[in-house]
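Two complexes come next, and they have one chain in common, chain A, joined by chain B in the first and chain C in the second.
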Partner chain A sequence: MKRIFDIVGKDISQTLRSPMAALFLIAMPLMFTAFFGLIFQGVAKDEGAQEKPLVAVVGEAQDGSILNELQTLFQESGELTAAVFTTDEYPDSLILFEEKEAVAVLSLPEHFQFLSQDQTPATLYVDETSSEGQTALYTIQRVFSQQQILYSTSRLAVQVVDEQLPYASDQEYQAALEQVLAKAGQAWDKKAVTVSMERAVTETTDLSRIESAYDQSSPGMLVQFTISGLMGTAIIFVQERRTKTLQRMLTTATSRSAIIIAHALSMFFIIVAQQIILVLSGHFLFGVDYLREPLAILLVIVAFALWVSGMGTLIGVSAKNEDQVVLFSLIAMFLFTAMGGAWFTLENTSPGFYAIARYTPGAQAMQGLQNIIVRKQGLSSVFAPVGMLLLYAFLFYAAAILIFKKNKE
Partner chain B sequence: MRKVLAIASKDLLRSIRSLYFVGISLLAPLLLSFLFSAAFGGGKESTAISNMEIALVNQDAPAQGNPNLGETVLEVLRSDGLKDLITVHAVGNEEEALQGINDQDYSAALIIPPDFSQVVTGSGKTTQLRIVYDPAESISPHVLENIVAAIADGFSSSKMMVDLAVEELQRRGGQADEQFYTQVVERITAQSENRAYATSSLLTVLNPQGQKGETENEIQQIISTIMASMMIFFTFYTGAATSESLLQEEEKGTLARKFVSPTPVRDILAGKFLGVLITLTVQICVLLVVSHLVFHIEWGEPGKLVLAVVALIVSAAGFGLLLMSLLRDTRQTGIIFGGVMTITGMLGGLFTGSIQNMPGFMEVLKKLTPQGWAQDLWQLLLNGASYREMLFPLAVLLGMAVIFFFIADFRFQRRFARK
Partner chain C sequence: MENAVEVKGLKKFYKDVKAVNGVDFSIQSGEIFSLLGPNGAGKTTTINVLTGLFPPNAGDALIFGHSIKKEPLKAKALMGVVPQEIALYEDLSARENLVFWGKLYGLRGKQLQKRVDEVLELIGLRDRQRQRISKYSGGMKRRVNIGIALLHLPKLVIMDEPTVGIDPQSRRHILDNVLQLNKQGMTVLYTTHYMEEAQELSSHIAIMDQGRIVANGTHAELVKLVGEQDRVELALSQDGGKVLKEWKKVKGVSKVDQEGEKIVLLVNDSNAVLPELFKIANQQNARIASIAIHEPNLETVFLHLTGKALRD
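Right, the complex of A and B next:
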């Protein structure tokens, strides 16, 4: 046992002596966390502070009432500003878009009205790839949908009444329709069925701590740089083989198993220490709510460290030289970080990618951390991801031991 | 000139024989682009937003003999029009739904309240459909909100229609009998059936180029931007890694052997510099061809592409040589590859290229790095900008490259002149 801890101590001091250790293990993840947190915070603030997108409503001069009605509805939505133009002013309404006068152009055909079903539809020119374009699109679709409901509901109500008690003339029918339409507009403000949105968090949660711009970037960078940090420790395996230190150790009473266990343990201790520093920094510097369930976070950290050290051991025993260690570590980092949802949330990804990615070790670690910091769940919520991480750790260690034992050097 | 070419070709051969070069310079940018392409559908597959798993808790308790309108909501959510977008799982109670959200089995749960049918069929009251969602998800809950709001509007309008029709009939002195209610219900049913596509019948959405189905373009644009960013990042990385051969040869003593041969220092440095340029050319050409074949990226007009490639190669080579000229030995290179390249790449916007509405400070920081100017230039290329629009970033990048080369050459000349 003493031999194992001697090797562990040697590995740790060898790793920490490198000037790169502090940079890769601590400084870079904190810098990236701050950077991405600031960016997402900045994006959110900028989106809030931005001027509302302008929509150009273009139609015939004689259709002024519907043009003005739409302008008012878009303004009242709170999402858009709107300006009315006539086809006399702009025969080619797309110029307004091309000259960046408006983010969207709504072109109405002659005599457009919501009451009529059989008519040429209005055309909305919008670039859906921009966030402003998407805002314009969804707002305009919502306004159209609501107007259509109001008009069709009023028309049907009057039609049913007309069948029961026919109106004396078209004028009377039209006047009744307008009256019902006005009532419908008022009734719509007190809709019978509305929709509410709630976050699935426990009732006891302190809601003031519920959102931090760093909730995604902090655990994400923790996962990324824990994986990339194994480079420094995995390289020790290769250096020992290259400098023949491994052969010298094998001539002593130290067994192959003791050597691999010692190297894995040193990696494990370094990774756990790194994660603890990152978690504490995340909590105190960036306001991420890690410490509401410290035991759960510790479980995730330990299980994740076991898997990462397992992978580091596998890379260490498989690589032929230092360059290969760097290469394999970088590939592992890209693969498990991207698939783990550390750079982007997996909810936006394609079904095939999502189905595979959600079960990768990086995703399990992210899930365990986010169950605590975002979903505000308790200790039991990390049992499943921790179990998965332990399974992965076992598989990676088993593969590493097999390769190491086969290695005749 | 023969000696210059010999040194350059030796460096090129050394690079392309190295698994490390192949991995970092070619495999890594392609792997990252592949991951992003797979994640965001690559223009062929829809995103996970099209496959939301939703729990539905129907607590609706209608009066005896009345239909359960909560079941109607379930039917609408399971209808053909929505089946590609959401999968609905009817669960027994709210606790079970919340547990499913906690276990990430569902993105959200829709809770239909006990008084739902009574409110819709009665008068005066209001009710709420509750959506409880996973706080770790940001987009899918709002997609569900839009769908449920449309369904809720349908019920609200049906109730409103009954109220309006009865009121209008009474205003005209009529009485709402059973036959009248039957007629109203028939109209409501007919209206509901027609409503699914009602909005599209009055509104056609086109992109400004007059094409439908912009999502594919959007994803392709994102992948192109990511590929360009990764190519720039790894080209600058390779520029520094290839330039490291000067330090390696110096440490191994092979550079000293070259100096004792009848070859001027200037020729040796020229050969080394040329080796870096040729290696980067090989790297970029392979990346451009493979990304075009695999990810179908259209890199733009050949003339403009050549200009952007040249600017990228010389700036990356110049930057790499400059950094190496500042170092004493290869033990210091780790900090360059890990630190300087990552930080300048980060400030240059290479990791955030596809994020819209970036904060203003990022635009300022971007202009301080060659990677930022390179990204601007390649983005213009991808956007089909004119030669005139590309001129400014191109000139800045080439200007930076000249300054980098000049300083690197000066420092190396002075350093090796002492040997």
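Right, the complex of A and C next:
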């Protein structure tokens, strides 16, 4: 056991001594974070301003007040923009999807009002499979249920009063109702009771919600350069075979498995340290909010490092020489970085690519990190990606062990 | 006394190469034992099996009584191995290499640092210990390569062709080190294809060829196999007709010839005979002006046993 850590110590000092190490492990990822951040910064800002999905509210011109009320309510939700159209202008309201790039169309029947039992219900057209559609659906539902609660409780209150102490006239009844409604509305706004709802987990990063482009480039470059960062240590496997230091170790009382375990551990430690430095730099240099959930970020980092070191071990035991280590590492880096959505958000890719790519280890790491820094979710939001990463780590280690056993024959 | 090494019926085959094909020898504790043979004889393969790098196809080796098959860890702990190829971390300094390997040999703390200092002193690299190995000459690398095997003061040091491809000075340094270590009580197993080294260093020599030991014994015993005698060439300061006559009578002298100025004697054992020869010359008031002893060498022995030269 002690010997394992002796080898780990040797590996780490060897790896860090290489002039490429500091460059590859830390300097390049920071440079590229800044670089991609600057490139996409403009894009993110522009899109961010107008990117709130549009809901088209369609109804009869005579029902203007309820249409405007809904528009205001949707706008106030902060999640949507809303625009009002009349059925005269758009007899076929579905055209609005294309013409106005609406993500949802809410079509109101004539004389629509909140809380009327005997009316045709309003119709909501929405694409539930897109995350914007989901946002619209959720927001609209919330607005409606809020209004329904307001109206029904107010009406109930006024009815109760009316039974005890009947109002003189219908006008008075109506005035009282409006008064109660207004009060109830204010009370709701004061949030005496706060109903907090976490948004359903959306699978990928939606660029529209990225406030700073560093929220994409920082975790992206972290994923990319962690994968290429394994190279320096993976190369030790083949170096030791070539220089016969491996054989020499075996003449001391050190077993082959201990040597493999030591190299895997070295990679793990180096990668974790690298990621911690990158996360702290991301937080303090680029303002990426990693530290709002430090434990969650740590979990993702550790799980990701386990997978990367598993892959490094696999490369180390299968490569015949140093060139192959570099080649395999670069292939792995490009493959898993591109598939992982480290350069661009996966959401903007074709559905076929997206369906596969989202489950790759790189994408899982990105998701875990961005659940915290972009989607502002809690600790539990990283459990699924961390679980997936651990599974991948297990698979890659298993493959490495199989190849190692086979080569030993 | 317990044997340091006992090799019994050892066989190791690669696919179609019988690299080691039934090898037996034993090394007494405290001696320098040479395994002499040309390239490809199977020396390295024998060493690799002995040091537990891979298991033999047949046979076994005991290191101070511990079977390398059954008790590899105990056996390994007793030996220091100098591999034929330089096995060092080029990007680490000599000291860092020694410290790392010392740890793998189980040394720690103060004792480790002390042994590293001692070994650096021994291999003469104290002044350059902080330099990276990649900056070293071939000879210096060889010395570090050897030093590593000595760190844990093993009872047995196994050296596989430690002097291949280096300058004469480093070579001398290494041979002196080997003799010095042996004086301190280390048993040494030394493989080489230089017969001069085997001859200078070892009390016992095994000659290996094509996976087998073809002869095994002390240098004298091996030479006797060929039946050749020492050839002593000398010159006298004055005419020595009487001296030559007396010399012929000495036990162990089989032939005395005058070849011009040179007198050539064939003797069984020059060490035993020379004092007598000098005494006789003295009695006759003759001075020996020059003398050269040509022992029959291992080259001749190898030629005799295998029908080919030791070095191609």
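Just a few scattered comments:
The rule we apply is simple: the second predicted complex is superposed on the first by the 239 of 409 C-alpha atoms of A that agree within 3 Å, B and C clash if a C-alpha of one lies under 4 Å from a C-alpha of the other, contacts with A are read in each partner's own complex, and residues count from 1 in each chain.
The rule we apply is simple: a residue touches a chain if its C-beta (ideal position, glycine included) is under 8 Å from a C-beta of that chain, and two chains touch if they have at least 3 such contacts.
Bear in mind that the values here come from a model prediction, so they are computed numbers and not experimental data.
Once the two complexes are laid over each other on the shared chain, residue contacts for A:Ala176 go to chain B alone; chain C is not touched. Legend: residue contacts after superposition of the two complexes on their common chain; A:Thr251 is shown touching chain C, with no touch to chain B. In the superposition on chain A, A:Arg3 makes contact with chain C only, while chain B stays out of contact range.
Of the two partner chains, chain C is the only one touched by A:Gln14; chain B is not. Between chain B and chain C, it is B that contacts the larger number of residues in chain A.
When the shared chain is aligned, chain B comes close enough to touch A:Asp323, but chain C does not.
In the superposed model, A:Phe334 makes contact with chain B only, not with chain C. Look at A:Ile149: by the touch rule set out above, it reaches chain B but stays clear of chain C.
Touch criterion not met for A:Glu110: it reaches neither chain B nor chain C. Applying the stated touch rule to the two superposed structures, the chain B and chain C interfaces on chain A have no residue in common.
Chain C meets chain A in the complex at residues 48, 51-53, 72-73, 76-77, 79, 81, 83, 85-92, 96, 100-101, 103-106, 148.
Interface residues of chain B facing chain A in the complex, by the touch rule stated above, are 18-20, 23-24, 27-28, 31-32, 35-36, 38-42, 45-51, 98, 101-104, 107-109, 116, 119-120, 125-141, 145-146, 148-150, 152-157, 159-161, 163-165, 167-169, 172-174, 180, 183-184, 187-188, 191, 195, 198-208, 214-215, 217-218, 221, 334-335, 338-339, 342-343, 346, 352, 355-362.
On the chain A side of its complex with chain B, the touching residues are 19-20, 23-24, 28, 31-32, 35-36, 38-39, 42-43, 45-47, 50, 94, 97-98, 114, 117, 119, 121-131, 137-138, 140-141, 144-146, 148-150, 152-154, 156-161, 163-165, 176, 179-180, 183-184, 187-188, 190-201, 210, 323-324, 326-327, 330-331, 334-335, 338-339, 344-354, 357-358, 367, 370-371, 374-377, 381, 384. Of all residues in chain A, those touching chain C in their complex are 2-3, 6-7, 10, 13-14, 17-18, 243-245, 247-254.
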